[in-house]
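You will see subunit A twice below: alongside subunit B first, and alongside subunit C after that.
Now for the complex of A and B:
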């Protein structure tokens, strides 16, 4: 790709203005506008997180992320992701196996429904569970009678998180497995492998990088989700506060340095996510359906 | 266990596990997504049509929906304009740091919205890095609808760049050579040959950014100010109604928002179908 793109620029140096690129001043103006916009709207906010986090000094930073409520929030966030991500991995594997390896009635409908949670606003993703399991929800009375708490407790947070991260794994795997077809699996089966052997020794190695790609994106969203979790969590300090909610509480208490300290951990997670994502896109482009663009 | 279960509804296959995989998929999909969403529609239906209409067209709800939609529309328009420039620059030109900037375009996808929200607020507050420059000019950004728009620009940018970029990469440059050979100058070639073929991608990116922005919550509430009728977005009003235990009202506003985003996605679908007919992709 790069050769083809560079060629016209080289031509422009030897034979006057090339017909398929802009004149140098125009190019410089466009690059300046684009880069300025990216710096102003993306890099500056990111930089602000880290500057504000360390404004009160390293000691305050360490104190903010090691105080008991912050530690509880970090633990809860890790726990929620540790449940939600594997759940969506199993779902993604099952859905892509069904959709990519078989032809059945209603397949494209199913494919569309899987993406549905992406078009539901985060707040609504939380509200639906309150309507079901909240005190005045459809099952609220029954749940209270049996002393089961879902809303304002861990199960609600996990459900809302699963909902908002629902499509991430499946939509990486489905197109890739459709591309790969069924020949490898049929070969394994005809050589006497069982269904599970075929899945674990043939299919899984074929999709491992796409799976990792989906898991990384799913995890980033699971740990960072705010709107949906905010509705179902109840904001009980040290108990049902995830990291993003803890950031909100600290911020609303004007405890800015502490809020940004916890936020900087989430920003760091975002940066690590980006690095893994880009690395996978560069190294395994052909094995990740999502990176068709490179 | 392999075989013809599902009868004529499924093409026969030598691969096992269809029943298990599809059964699990449908159960999980129904329990996590379909039934809860049905509960939302059901709850708002309990108001009856007249009741639903009263909630959705109530002054405060209407103000919130209008604010969410208009700020989203404006942000998506800004993103469509600058997103095309950024995609163009990243695909067509070579400059130092290009790959790094390319990678950072995805930052709004990866950065938790609450983090973006407090970062933008601290930048645009009257004593912030940018806010303190604008304050002497009499421009107030944080705690106004302008602030909401800034946050929505932040979260919507990748949608436009990432839909336009691949189309631009695959654009056949021989068309541009042909256009130049036929006597078009560069400006005519760009505006009459290249940009029209990018139009479906630009519209798709615009609509995706819009759909995301209409429902956005985390990055907005910190910078919004949250004054009823002025800077109160629709998702926040849903939460307020929920905390008042007005479940049907919350459900009604939620259903209205769902209808808006499905409308936008239907638009995307139609644009793509049109583009396939028009450009044969």
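Now for the complex of A and C:
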């Protein structure tokens, strides 16, 4: 063995760097590669969004995000998220409660199915609903007969968004609730608490940070979803256009400043989400499920 | 029954809620378990268990894992239902009551304290969740929780969170929380299982004191025989879903009634013998043991290693040679080989007893039981 190979071992005894520490040139190369990628693919585009958004001046920026179609898109996006996120919270709580606290036939099946939207291309999730509820779809005729419009309207957008985002809350809660088991609930029940009291006073507080974490991620995805919503929306300006769709339309019309202005709102949402996410992870790491997938 | 068993719960009973008479129990109850069977799928966890527990009694359910002791406790608590059988509290059918209505104090091995609540909030939980008509005022709940905190000797820790307490302290908080609802029965599931040996010993003494003060009917599950022997008025030894023996610690230790109890509680030595003509035999030697009405055939002699007399020419003793000697605390352990047999037995003698390796020795158990050999041994 050469001296060079032994030297780090000797150093590690006296000064303490781990034996896994690489030599300086290797470290420099690794860090450079990492930072370069970060700048090229994340920071630069993000900066570009804001630069482009303000290129035509603050007045144009404000005008772009306050013109009626943009406002309608923002409102629609908020409305969709306001429906989809609570729906997913309820579904996520119910599913993880069932998976973590009960044994039933098909439990592992349900557990696997929850992940399905992660592995299905969003476009397909949109097409599914068109095939089900569209005019030519399975229920299309019946729905038209009853004057219910799902596709190219709010219900379709909400459905597609729920489908795409439904793993987020459940995925956070299942591992945590499984780990926590049912002991606390049993203790609460034996002390005389009713089922609802047990849920609100014991179960929910035990999972609140993980739940919030899931909600934040779910919300970010719900507002930013493009593919699935694009299929079911119909792109009717001022009516069924969400923010991501509105950005696309503006961009296709070569209205770059306006496109980037609206996009900057989405980018801002992403940044806020990131900050909340990091804060939660830093502050309540132990109370958020260990499996970090996204 | 000894003096510490009383029916009176000594701490002051709580007020009458908001003027509505509340069904509150200032008396602890007796518990009757009648022929309780619990089947999980195709396996039975309890095969018809019957047990009567007097009011104020401290009873240990002792057995190895899988003996059904925890299942029985959960049935008493209302967290599980028996497949058949009855459970009575003071003669009243307890199975009709939900877990909430049953009013039992449960203490778990892992404490199950609510981690987001302070010690005081934990203790007051059972009172806070009562329906409005039976709920004491906020002030009263706090007063009561502080009183209980004092009872479990943790005054001053009321603002702490469970994560800021040691294991022993957590278990005492869990105890106070269970006492807060004025339980009719206290059920403890391996209450000291997660604690280290020293804390466990301290808490045992503490639990006895608590029981003396409050006098609740208490059932605790344990796999630790020392704990059961030290704490319980009566021990219920369980194995494979059945009760093997019920008795005071002295009865259980000194007069085990089955090979299982002999080998599970304390240390025991077993020696295969043959019963013939009303006597026990090892090869050609007849032993001076009373075998009463055992039928002829193979049998097993059980005795405690320390419950023996030895000599060079004891009549009717087991002839053996010393194979090894080990120091064992204040005593000496001898490994003996029975003459003419492969069987080894272990005995314990005072440390000052002189022995030589390979020397002959005759051993006669002072207290013992002879059981017919189980079917498995018959085929050998």
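Definition applied: the second predicted complex is superposed on the first by the 270 of 294 C-alpha atoms of A that agree within 3 Å, B and C clash if a C-alpha of one lies under 4 Å from a C-alpha of the other, contacts with A are read in each partner's own complex, and residues count from 1 in each chain.
We adopt the following convention: a residue touches a chain if its C-beta (ideal position, glycine included) is under 8 Å from a C-beta of that chain, and two chains touch if they have at least 3 such contacts.
Since this is a predicted model, take the numbers as computed values, not measurements.
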So, A:103: does it touch subunit B (first), subunit C (second), both, or neither? first
Output check: A:189 vs subunit B and subunit C. Expected answer is one of first, second, both, neither. What do you get? both
Among the partners subunit B and subunit C, which is in contact with a greater number of residues of subunit A? B
Contacts for A:20 in the overlay, against subunit B (first) and subunit C (second): which applies, first, second, both or neither? first
By the touch definition at the top of the document, which applies to A:117: first (subunit B), second (subunit C), both, or neither? first
In the superposed arrangement, which partner chain does A:206 touch: subunit B (first), subunit C (second), both, or neither? second
Touching A:41 in the superposition: subunit B (first), subunit C (second), both, neither? first
Touching both subunit B and subunit C, residues of subunit A: 186, 189-190
Contact residues on subunit A for subunit B in the complex? 1, 4-6, 8-9, 19-23, 27, 30-31, 33-35, 37-38, 41-46, 48-49, 52, 90-91, 94-95, 97-98, 101-105, 110, 113-114, 116-117, 119-124, 127-132, 134-138, 159, 162-163, 166, 182, 185-186, 189-190, 195, 198-199, 217, 220, 223-227, 230-231, 243-245, 247-248, 251, 256, 259-260, 263, 266-267, 269-271, 273-274, 277-278, 292-293
Within the complex, which stretch of subunit C touches subunit A? 77-79, 99-100, 102-106, 108, 110, 112-116, 125-126, 129-130, 174, 177-178, 180-181
Could you please specify the touching residues of subunit B with respect to subunit A in the complex? 1-2, 6, 9-11, 13-18, 20-22, 24-26, 28-29, 32-37, 39-40, 42-43, 82, 85-86, 88-95, 97, 101, 103-116, 118-120, 122-123, 128-130, 150, 153-154, 157, 162, 165-166, 169, 173, 176-177, 180-181, 186, 189-190, 211, 214-218, 222, 235-236, 238-239, 242, 245, 247, 250-251, 254, 257-258, 261-262, 265
Which part of subunit A faces subunit C closely enough to touch in the complex? 183-184, 186-194, 197, 201-202, 205-206
